[in-house]
Every structure is written in structure tokens, then in C-alpha cells.
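Some structures to go through are shown next.
Two complexes come next, and they have one chain in common, chain A, joined by chain B in the first and chain C in the second.
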Partner chain A sequence: MTTTFDTTTLTVTIDGRRIAARTGQTVLEVCRENSIHIPTLCYDPRLKPYGGCRLCIVEIEGLRGYPTSCTTTVADGMVVTTESEALFELRRSVIELLLSDHKVDCLTCQSSGQCGLQDTAYEHAVEMPRFSGELHVEFIESENPLIARDLTKCIMCGRCVRICAEVEGRYVYGFTDRGFDSLPNTPYGVPLHDAYCEFCGQCVSTCPTGALSNKLGKFKGRIWEVEHTETTCGYCGVGCTLDVSTKNGKVIDVTAPLERGVNGGNLCAKGRYGWGYTHSPDRLTTPLVRRDGELVEVTWDEAIAEIAERLTAIRDEHGPESIGGLASAKCTNEENYLFQKVLRAGIGTHNIDHCARL
Partner chain B sequence: MAGLAAAFGSGAMTNSIADLGEADVALVIGSNTAEAHPIIGIELKRAAKNGTRIIMVDPRRVRLADHAERWVAIKPGTNTAFLNAMMSIILAEGLADHAFIAERTEGFDALRRLIEDYDVDAAAEICGVTAEEIRQVALAYGSAGKASIVYSMGITQHTSGTEQVRAIANLAMLTGNIGRPGTGVNPLRGQNNVQGACDLACLPNCLPGYQPLTERGTLDRFCDYWETDHELPAESGLTLVEMMDAAVAGELKALYIMGENPAVADPNQTHVLEALEALDFVVVQDIFMTETAAFADVILPAATFLEKEGTFTNTERRIQRVRKAVDAPGEALADGEIILRLSRAIGLEMDYETPAEVMREMAEVTPQYGGVTYERLEATGGLQWPCPDADHPGTPILHAERFTRGKGAFAAVDYVPSPEQVDTERPLILTTGRQLWNFHTNTMTDNSPGLAELSDHPYIEMSRADAEPLGICDGDLVEMTSKHGTVTAHAHVGRENAPKRGVVFMPFHFADAPANRVTSSAVDPTSKIPGLKVTAVRITKVKTPSN
Partner chain C sequence: MTTPPEETVIAPPALVEIRVCTGTGCIANGSLVVADRLESAIAQAGASDRMRVTRTGCHGLCAQGPVVVTAPEGVFYPGVDPDHAEAVVRALLDGSGPVTEMLYRETPEEEPIARYADIPFNARQHRIVLRNCGVIDPEDIDQALRAGGYSGLRHALTDLTSDGLIEEIKASGLRGRGGAGFLTGMKWELARQSVGDQKYMICNADEGDPGAFMDRSVLEGDPHSVLEGMAIAAYAIGASEGFVYCRAEYPLAVRRLKKAIADAAAHGLLGDNIMDTEFSFHVGVREGAGAFVCGEETALIASVEGDRGMPRPRPPFPTTSGLWAKPTCINNVETLANVAWVVAHGAKALAAIGADDSKGTKVFALTGKIRHSGLVEVPLGLTIHEVIDEVGGGCQGARPTKAVQIGGPSGGCIPAHLFDTKIQYDTLLAAGAMMGSGGMVVVDDTTCMVDLARYFLTFTQDESCGKCVPCRVGTKRMLEIITRITEGKGRDGDIEELERLADVAKKASLCGLGQGAPNPVLTTLRYFRDEYEEHIHERRCRAAACAALSTYVIDADICKGCGVCKKHCPVSAISGQIKELHEIDPDICVKCGVCETRCPFDAISRM
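This part shows the complex of A and B:
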């Protein structure tokens, strides 16, 4: 049961603008809906508010301190300030602290250009970390073919732990140890496969840094070089919305746009990682005709002429009911429509089926 | 989905994915949702967290069972007995919605006669569960304000699949759980565009939009519209399984196969191979050299979904855009383009410039798609049919005011034992299905680096209770034999998704050890869906791996 929002509208004032909001919304949600930018690191609309990174702090009249906007629900008449010198400085020191224990590796990090930490550091003019502590973590896992984990870049936002528990219900990750040595890891730090990971890659999709990244696209293209195509997944009947990244005519990554489609940013292993077959060297690339038992390469015109000739001859000799066609649940609606049309109207048979029955 | 169409007038999922979470109780029966439809699995897990009571009825402890209130380990093929017993309890407890039955349905009396004195204990015995379990499930479903049923091939892939679907429809109507958010009967479609392929009549028994081809008037309208020279018969053509039979009998001479791999996907593989061998002329249009292509006289290189424009229709009837991200390799062409060329060569002129133009024609002849255009799909992100005209917003919930066929039709259907029964020679029931990292016949997943490495080798899952007496341990090589054939694979004993005692499971994806070599091609007489979910088998140990 989804909690149905009370749709009563409230009025709040944000940075001097009067804005309508709904009961139950957080300050951050209202700001996002109204294109008011607040920096965040531990927020993902797919997850419950967490209040961990403290980057989304704001000032609210009548409230002491600096509440986190992702966990504060709006009240009628609330007056919010999202930008001030004090907020800037506080946020800046949070980022500096995070960077003091971070393997700053932006040169070749796969997340460069799409990294929450890099973006907020830039936004807050953090040039060189003021603190420089020891880089205390050394944890790199790369034993599986899909997900690379370099926890020297982890900022402990907990998003991977939460998406695996809250959305996937799998609990592959938890925080190990305490305090300074705490890490989002599998039980005993075993490789993902041994921790019953399903490789949906949801943790990679939510990680704001390069701590978790997809191996398939590594060193294949930077975010600013790729083209994006929004399409629908070709595997199961759910029909998830995909964002396909391509560079030089090759797919390098597949993600899901947040808050769109039936999947709202979520994907499974097949949708996210199952695209490599498109570029397989074993793809069929030329029409082939069997001559004396051997398959020989022919032109399209020859192949089509051969089919037309044989089918017409068989129809003339044995009638249209001696010909059948199997369409495909993997093909588009338009293609399936044309397929049955050519069999019915072109050949004259209703011998058409596809594998829905299987 | 013939059963559902007969009951409601439409065989499609009645409700939407997003509204599953509105249910107070969700009965998930014969669906390994978390692996076969992972994102719907997520939706159900979220629902469970927010208070929806999930009840799983399945021979295997499938992954979603971790999030369910209850897992009922039912014997494969006995769902109808279970559902009838549930209805009997619901009726006796006064939980039936008599106002709904009177107003919205017909044929209840016959069902009442069947379920009134239904022997719940006998049903429990048949299903291999306790009468108390059936009772608890009946009370949970029957007393819920909003109850939804989700099912998949665990229901339809039986020789009695049509009856099982009717029984599900009966249950929903008996309790008035139709036409509102959080209710409904929700079959989950396996492959991405099964729904669309059906809607657009890649079926032997109807015309686009499920219009009857036995009505001369309707058929003639299509013939005129398509400007065909051929006299189309007003009777159904052959189904896939029937085509294979006809090929062996020498009646079917040519088969044109677009993007299918029946040599692996079909039940009773030996028979299919025989059929392909017997045909005079076979065309295979695909992206890879499949097992089926080995029998082809002409092989045509096709494009993947990433290489073309068009639309898919998902399991909740949502028509969505497919957009081209990359070019097809070499001379490979989109399937649609190949069909256009062939059509011209056999004398049926087809001149469409773009898939959008094909959609325009589809909308004209398919009432459910009447208001669908590419412009609207771009603007909305997707439309759920029926969407009869340009102003219609689409339909998230079917049968809200009235059933598509007018009144909902009850049918008194009883449990029919599967033709495959266990005996001393074949004491175990094999059930087949999907597995998370593999897809259908694996041509896509096996050729995708990463996923290919993760996917398991062929295996047979069994319970400890069945393995021990046979001296079989986890990892042993075993041989499985049915009346139809033999297959060899490694045993998974007592692992995460282990089936109940007496049942073994094998995924059907693998060409080197196809589960379909041992399944039968006996089909449900109405839906013509083969009974892949129940096969009597014997398992023997071949050897223990040396390490």
C-alpha cells in the first residue's frame, strides 16, 4: 500500500519565492520540483530520506541550526533559505573533509563528469583539501565481470547499502566495522558473487562517486563524449525505459533515467548489462543461401528473389496452407504487423504464430 | 491467454504495474517474479514493506518468497484444485461479493454447484499441502478489501492451463476484485513484446486487435483494406505446435522464421528437429546463427532492438517507443525492412517510409490502438491500450465499469490430472522455467560479455529429501529421463530456490542440455500452449566430479 499523500496544498516561501507544496513533501522535494538547486550526496529519489551527508542543509525561520532539507517535511507558512554564506561555508567544510580521505583520481576515474563529489567540490570552490589525513582504506574488488569496487573513493553515503536493502531486498552490503574503518561491504568482505549478489547494478547506479563503477564501459568513453538514446528494454515484458550511451557507433553503457517509465530509474542485470551481444563478432552480417549443402554469401536482391521464387512455387504446387510463419516477440509491433500482413495478404495463409505460448 | 479472454473479453493484464502496491493482499501464483520480471519483483517487495500481504503459491521456494507472508509449496499442475478449494471456503465463510456477482457476471450457478460441496481435504491431498494452508490463503484473499492476483507461465504452461486461468478469473469475480486499483488478474508476459505480437495478430486465429477471422465480414474488410489478390479462408491457421506436426506429416512445406529459435525453445525437441528436417524450404531471419538456422535454406541477417525504430507493448498494455542507438553491422537490416522487400518481391506492394507510417495503418485497423501515434508516444512516454481515439488518455485499469465482453463469465472448471503422472519408474515431476541471468534460448545473454560469464551451466535443482536416497550430492552429474527423452546436467541439491519434495526444476535456456528434450509437446486443447510445467522423470547419478 502506498501512503496516499494528502493532497492539501500548503504555501511555503523559499528564497523569497512563494511556492505551493503538498503535505508530506520534504523541503528538498519541493525545491527540486521548482528547479531550486540544493547540493546533495546521500539523496536518491528511489530511497527513503537518510540525512547522512549534511550537504542539503538549509536555514528555516524559527528553527535553530541548519536542518537537512531531505529529511524535513514542509509546513504551511515555512520560510526557507537555501543559500547563504554560512551554508556555503558549512557545506564547503563537509566536502573538504570527504576529500581529505579520498583517492582523488579524477584524471581517469570512470565517474569523472558525472560525480557528485566532483560536482559539489567544484560548486564550492574546493581547490586543495585543507585537511590531509591518511588514506585509510584499501579495498578493491574486481573478481566479477561487471562491477568494480574501489572503496578508496567511498564517501559513506550509504546509498549502495540502502538501495540493495530497500529496493532490491537483497542485503548484499552492510556497514562493516565502526567509525573510521567503517565500509559498505559484503559480510567478511567476500566477493559479490559469494554474497548472493544478483548483479542488478543498482548500487552502481546510485553511487555518487567512482567507488562503484561498471566495468563494461571502463575506458570506452567519457560522459561528455557519449550520445544518449532513450528506448525500451528488449528482454522481458516489463518494458523498462533505458538510456543507452553510445560512442563512435558502439554502446558503452546502459542506465535508466530517474523518475521515468515503469522502472523509475531501476534496472535488472539483463537490462543493464545484457547489451554486448549487439556488438558480438558472431553476428550474422550477410544474407546466406544454401547451395549444394553449403551456405554461400549472396546479395540481398539474390536472397529475396530466391525466397520469393521458392515460396511462390510451393504455394502454386501445394496451396497457401503449405506455408507457415513464426513471428517474434522480440520484434517491434510494426514488424509483427507487417509479418502477419505479408503472410495473410501476400501468401494467403493464417499459419502464423509466435512463441507467446512458450 | 485464451482462458482470460473467454472470462473477461480480454486476455491482457487487467491492472498496471504501478498499482500492484495498492493491494492489501497479492496472491502470486506460478510466477518466479523476482527472476523473470525483476522490476515487477521490486514493486512487489516494496509493496510488502508497505504492508501488502504477499502469498506465494509455487512448487519452488522462488526468490520472492523471502518477502512473502507465506509460501505454499504446491505440486505442479494442481492449481485448479487449490483455487476451487479456496473458493469453496470463501463462499462458506460469507466472503463472496454477491452484489458484484449479481450485477457484473453470469454463469455463477454452475460454479456454485461445483464449489459448494468441494472436498477441501481431498484438494489438499492432490496439491500436496494441508487443508489449513488453503484455508489461511482463502481467508486472507477473501477478506481483503483489495486483492490482486499475479501469475505467469507456472499457470499457463500446463495441458490444463486454460482451466487454471478460468479458475483464477472465477476467484477474482467471486470476490469482486476486478476493475479497481490494487485488484485484478495480472498475467505477466515473458518476452518483451509478446503482448504486441498478440495484439497485432501474429496468431493463427484472429486478425489485428483480436478481431475474429471466422466472421466473413471482418475478414473481407481486411482483405479489401490490404488489397490482396488471395482468398483468405475464414478459419484458423495452424499454431506453432501444429505446424511442427504438419511438417512431419508432409503437409507443411515451407516455414519462414523471424527471430525465433524453435530448435531450442520448443517442447519435445526431437520432434521439432524432425519437423525442420522434413520441410522443403526454411528461411531464418535472425541476429545469430542459431540452432534453428542450421536447418535453413536461406539465412537473413537482422538487426537488434538497439538498431531500429518502432514500438513495443509491455505486459501492462503500454505501447512505448523503441529508438535506434547504433547501426546494424555489415549488411544486417531491421526485420521490418526485410519484410517490406520480400513483400514487394511476391507482389504485395508495401510502401511505408517509416515505422510511424506503419503505426498509422495499425491504428486504423486495430481498435485498441486507434488513438496511438508516434507524436503522442513522444509526448506521453507511452500509452496503455485500449486507446481508441486521439483524445483518449489510455486505460490503466480494464473492466472498471463493465467487462470488455459485457458480463464477466464464470466457468465451472475442475482439476484435471496432468497426462504426465508419476509412477515407480518415473517418480519425480520435472518443472521448467527461467533463470535470472539467462534469457529464453540464451542467444542474447550468452553473447553479452559479463552476463555470459555469470550465467550458470545447465543444472537440475532438487530437494535434499529426493537427492539423498538416490545417493546424489550437490554438483554430481545426473541423468534425467522421461518418456520423451534424456538430458544430462549437474545437480543442485537443497540450494536457495530448491523445489519441494517430489519436484525437480530445470531452466530451459541451454542449447547444450535442453530441458525441452525431456518435455512433452502435449498441448492445452484450447490455448495450444504446451504443458512444459509437468513431466514425469527419473533421475540417476552418472558421476561425482573428481575435484
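This part shows the complex of A and C:
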């Protein structure tokens, strides 16, 4: 979530370093800006601070206990310690507690290698968790073709609930039950498609574990095997930045890099999941012209010449008003401008419309 | 139109008043029928002009309901049967004095005590918060006004500035009665200093501690004192709107509160231009759905806003950014009932009561194995012993008192040998407990301290909101360990693991619920560690309370061989011939205790 700052500059001391900060920034934001690493699990820059996972706790002079850096705003002269033996032990214990209530199947989990829990456990040298006990209630939903939910791996960071509410405004998820059995779930646990989910996959994009995963890419490639290509989504004029994962020349997943491009990590259902056409055998890869009742492959020059010739003939015979054009939201503003120019100046008609949605 | 209380024309009180408690406890014991019967007896005697029945709030001695007290003479009749209504009325009319056989006796052998004020339960009490409970009809605003209601608000609005008012509350030394004991005046000052176009005043009536019911009694017995306190606080901080957040499980309190709000508004004591001043204050009621965590102020705010009651980290504190991100002051019921009294009687009056850092009185809910279960209001600074033994009458029966859990499930367990500890905020904290809302659960030697800690931990684990890891998972792991200890499956190192988990939950949990959840475990470990060790290493529960670690045995010297136990045992664990000694097979026995209760000779006991 972007915070509006005023321009006042403050000075804070973090781990002995004097650092300039802006009013309204949180301690965590200042640390991240200055490459001071603080582990987090419930933090996502797209969301409001939450303070639930307790990993980003720090010590602040004059404040009691261990405040969370994601929720504490900086004050002038603040003295912060981000690493100490006590902090390390508390964070480590929190991770061990999470692992004691987690279905640990890193062997085939799609999130392995890009899992916040795995990373923080490694960082805190958790080999065998000290704590063990009952696992929270098993809940697996896989009734749709896009999003797999295995809440046995859920760590209750609330990011899915919050992104659906704060960014999407859909409120598909909420917290259900209390205590150890609390889970982010749909109303009455109904499948996503019955819960007004529009399958944007934003929840998957923010889930730090394998509790939510994209089904399209499942078992198609591990994070360290794939090639990443940053590109721009071709679906509409917004131009979201995409990270297309490919393995052996085939697209297996599409995500969006955080804090990059106009979308800053967010994507809609089409951008994230609408790439099935890329390797479809039905996909048209060259222009086709119908000749003697048969569609024949031609070059773009031939196709455009054909269109120009036929449109000119129709205009000459029936007048420009007999022709109309439909533009697309998949085109940019510039492309739509050019399209209307072809119709207005080239053909001489005002019959132009726009589908206005994808 | 505003009718200031001092100018209100109020009918003079009836000559004789019979006060019948209509708090939840007494109603359950049939007090509404008693009140009706008293009224018909008065009507039949043609004494309606000289005598009336007042349906009051709680008297405190809930275990003895239905409770009836006559005024002005103050005769006390406990456990009144509807059939005795006539006798009470007749005695009052013919001047024959109290009905001796209906009077209170400390024990059946002792002489009866006629006057309510003279019973030992009341001897040490000092009623400020409960001043009108059991005295006035909570649904009659005229009675509240006659008892001095809203005179504090009048004084504040006409004679004091907001700052002067805050200084007055600060000078009284009043601290929050709901949990952490923050200085009330200081909290008001912070809320007053916060910048905001709108500020809110919230009364926290989400009393969730098992065994605490003082807030309910105040709302049921004297709701106007709370509303007056809220209006005073709102004037101090500059709020024009307020909410009472009350549990929906208190339907009577909610109903009386709503009536009180409507009546106060009709009298110009709430709403726009209160008492013809510039000050306006509107109050609404919000009912909670029974989540313990909603007593935590940030979770309470989330709930009032319509969200799931989950706390958020502080700072920012509600006094800076609270309800709908506006400066918000939250005080609990008992604190606010104090406020009205302090303003009416002056800061010095409260500061003169109590000791050191703990001024005024505190209401405690005495429950558990105590003789006189109920509500007591005593000056702070009394010792635990004075409250439990002198006011509460000690343990039921002849068993020795073992300990008391003070401050609810986040409080701590204090052993009997520390009962000389004074009941003050800091001394209780030092002993590992806390004032909290003032629940006192008294236990005797039939209570296992490990099992007691398990009980409170079960409660907090169930009531965890699930937001933060140390509370959601940490207390679960603690509960698993402590449960296996009580089941006789404790292992070496379990105590150390409990301590490690308690440390994490205390230090890393988000809110007071998680930070306080380990307290019952920590205090029982501190004072009763040997009981934990016996469970783990000797597989023994000295209180014979843990089913897995206790057995039922038949005393060979007492058993007559009547066969009653054998007949009633649901699992056929008892064998024996008639007129011969019976035996219980421990491998079959499920420790249900039926045999013990059925034995006509008390030959069976749990060990």
C-alpha cells in the first residue's frame, strides 16, 4: 500500500547507522529502503501493515517489549535494533511454532524455492523444529482449474484475506473459526467459484507458502529451473509488467514482479491465467485469406492489400456509411487513435465503436 | 426540554420500601415472583399508600437469592420463598419486628443477624461503584436522580473546564478497573490532546472473564451511573458521540441500558445541549458476539466497526487513532461508575480510600469454593485474606483454602501462604497475578493446580483470535503439554518446554490476551511446581482431581456390602456379594464418580 509522505526528513539510528527517513514511513520501510534485512511473512508492500506474523519485531529504545517494525512509524531520533540474540531466538521460536503446525512437503510443494516459511526457516537455522503437536484442521479445495487451496499449509498471515479486500474489493475470503482452528476461508467454506471469486489469482500472488498455488504451472517446473522473461501484458492498454516463466521454451506460469511497472505486482485474471493460447494448436500464426472457399495462408502485405482493395470497392459501390469498425480494449490508445483515423480519414465514416471491455 | 435533576419534582419516597433484588442471579432464583407476591400482599393489606416494592439491581450476595431488604430499617431476608411474602409485609405493618426464622444466619447454629449492614459479608465493604445497586430501581430514572445521579455531570458542566475536570480525575488517582490499570485522568488527557474533528467515548462492557460479573451487575443495577460517567468523560476529552460495547449474553443489562439511555435523553441528560449547555453527547449500544478478545480495546474497536474482532498492534493507541481512525477513549464500566462519584464527591474523597498507588475501591467477584459467592466492593489495600476469609467467609465446608486465581484467565494464581499480600495493582503484579477485572476464583485442596492452569489455558486458546503465531500456536502447544501432564503422560523436560513457550507467548504475542495467557501456568509453576513434578515423575495427583491419576477405593471398614455401587456402576467395574466387601477393578473403572455419590455409607473415596 503506497503511503503518502510529507517531505519532512527525520533521522533515525538503525543498528548503529544514522539514516534519513520521511515522516509517515514505517521502520520496516526505512530498513528495506536501506537494505537492512528484516524477515517478514505477513508483509506485502501492496497491503496495509498487519503485525500478525511477529517476525519483523525489533527493539526500539523507549518502547516496551518488541514492537513490530511493519506497524511502527518512525520518529525523529528513534534508535532501532533489528538484530540481537533475543530477537533471533524469538523469531526462531515463531518459525518453529509455524512449522509445528505445517504440512511440510517441500519435496514436491510448488512453492519450494519461493516460500517465505522455507526461507525464514533456513535463515534461522531451523533444522528440526523443537515443537510438535496436532496440525490444524485439514482443508483442501481444488474444484476449479486455476487456484489450488491446501490450507493445511496455511500460516494465517491473512494476506489472501487482505489482498482480496484491500486491493480487489471482492471480500471472497474472511477469517473463520477461532483459536488454533482459525483459517482464511470462503463463507461456509464453499468452493471459490461459488464465493463470487473472479479468479484474478491475487491471493496466490501474495501467499507466502504453498497454501495457495497456481494449478496451471503445477508440476511443470521448479522455480530454479525456469527462465524468467519480463514483458508487458498484451491484453489491454494498461500495460502491466509480467514475469513469464518458461521451461524448455514453453510458458508454464505468469506472475508480476512486486513494486515494478504500473501494476506493482498486481494482475487480473486474464493477465495471470489467460496465456493458454500461446501454445495452442488452434492459434493463428499467419494471416489467412479465403480463396475459392478455402482459407489460404498469406503474408501480411498480401492480407493488407486484400483488405484495402475490398474495402475501397465496397465504399465506392455502397458509400462510406456502409462500413463500420470495431476497436478493441486490447489496443493501446495510440492504436485506437490510428484505427479511428483509418475509418474517418481513410474511408470517410463515423461508424466506429469499441468493445470497451476485454 | 431539559429538566435539570436538582429542579426535578420527585414524589417523596414511600414510607416503607421493600427492595427485591432483580439481578440475573436472583431472577433465576425466582425473585420476580417474590416481588409480585409482596405487591399483592401490600395491596391486600390496603397498605399501598405506606409501602411499596422496589425491584432493584444486585445486592452482591448472589448465592443467597432471592434477596429482600427492607428500608429504611434495613432488615435482610435471604433466600425468600414467595410463600413468605405475606409474613414480611405483616411484620412491617404490625411493627412486630423482623421475621426471626427468615433472617440470615452465618451458620445454622449461630444467632440470626437482622440488619443487612451487620452481616459479615458487608462489614468490610465500601460501596462506591455499587452505591445504588440493590437500592434503587434501575429502570426508574427518578430514583436514580433522587440518589444523586447526574449531579457529578451537572457539577462538571457548570463548574469545571475540560482541563479542570481531567486534573480532578488525575488527582483522585483513579486507575482503570478493566485490566492494565492505566491512570484514567492520563488517558483522558491523551485523548483530549489528540487532534481530530470527531472523537469517541467508548464504554467497554464486554466482560468476558470466567467468574467475573461486576460490570453486568452495575449495568443491571445502576446503568445511569455508567452513562453519567461516559458523559463526563466525553465532556473532558471533547467527544460528542459514544458507544457502550456490551456482550449480547447480557440481555438484561442491554435492555436496562437502552431504557436508561432513552430516559436520560428524555430528561435532557444525554443528547443535544445537555442541561442547557453547549455540550452534546449521544450514546449508542453495540452488542458483541461473545468473543473474549473483544475486551481488548483494538479488537473492540474492530468489532464496533463491523469487522471480526482482531486486535492490531499499538501504537498508535486508540487515544490517537481509534474508532474509525478518530481519537477514542475507552474506559470500562466500573471505571466510569467511579468517575461520576469522584466528580460529585471530589478527588480527595477517592484518594482518601485505598493505599499507595491504588486509590478507591475495587469490586471483586468471589466464586469457586468460597462460602459466600457474590460481588463485594472493598477498599483497595485490604489483604487477600481479609477479602476471602472475612468478607467471603472462607472456603465452603471445612477444607483448607489452597489458592486464588485473581484477574481472570490472564491473571495468576496466588497460594494461601501469600494471602497477606495487599490487593493493589503493583503488589498483585509482583506476585504474578494482576488486578484485571477483579475475578477471584477460590480453590481448596481438592483442586489440582496443574488442572486449574489447564482449564484457563483451554479458555484462552479457544478465545485466541488466531492472528498472531505465539498466541495461536504457542498456547496450543502449551495446552497439549499441560494436558498430557494431567493425563499422566508427562515427560522429562515438559516443564522446561512450558516455560520456553510461555516466554515466547509473553514476549512476542500481539495483544494482552496472548501475552497474559501463560500467566496461570507461570504462577502455578512458580508456587506449585512440586505438583507438576509429582504428575510427571510419580504419576500422582495429590488433589485426586486428574482422572487418569486417581483411583476410587472402597473402605473395607465402612462397606456394608449393600451393592448400591455395583448396581449403579455404568461399566460394571465393581464386584462383590451382598453383605460382603465390594471391590473396584481399576482397569475397568472410568472414574465417573457415580459410586462415590451413590454409596449410602460414604465408604468410597477418590484418591
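Note that the second predicted complex is superposed on the first by the 279 of 358 C-alpha atoms of A that agree within 3 Å, B and C clash if a C-alpha of one lies under 4 Å from a C-alpha of the other, contacts with A are read in each partner's own complex, and residues count from 1 in each chain.
We adopt the following convention: a contact is a pair of C-beta atoms (placed from the backbone, for glycine too) under 8 Å apart; a residue touches a chain by one contact, two chains touch by 3 or more.
Source: prediction; values computed, not measured.
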Looking at the overlay, what does A:V226 touch: chain B (first), chain C (second), both, or neither? neither
First (chain B), second (chain C), both or neither touched by A:T71: second
With both complexes superposed on chain A, which partner does A:C268 reach: first (chain B), second (chain C), both or neither? first
Using the superposition on chain A described above, determine whether A:V167 touches chain B (first), chain C (second), both, or neither. first
Scan A:C53 for contacts with chain B and chain C and give back first, second, both or neither. second
Chosen between chain B and chain C, the partner touching more chain A residues is B
Given the touch rule stated above, what does A:A211 touch, chain B (first), chain C (second), both, or neither? neither
Answer with first, second, both or neither: which of chain B and chain C does A:A195 touch in the superposed model? neither
Is A:S93 touching the first partner chain B, the second partner chain C, both, or neither of them? second
Parts of chain C lying in touch with chain A, wherever the complex brings them together: 291, 308, 310, 312-313, 315, 461-470, 472-474, 476-477, 480, 497, 500-501, 504, 507-510
Residue numbers of chain A touching chain B in their complex, please. 1-3, 144-146, 166-169, 193, 196, 198-200, 215-216, 227, 229-241, 244, 246, 249-251, 260-263, 266-270, 273-280, 282-290, 295, 300, 303-308, 310-312, 314, 318, 320-358
Chain C-facing residues of chain A, complex: 50-54, 57, 65-68, 71-73, 90, 93-94, 97-98, 100-101, 130-131, 133-134, 155-156, 158, 174-175, 177-182
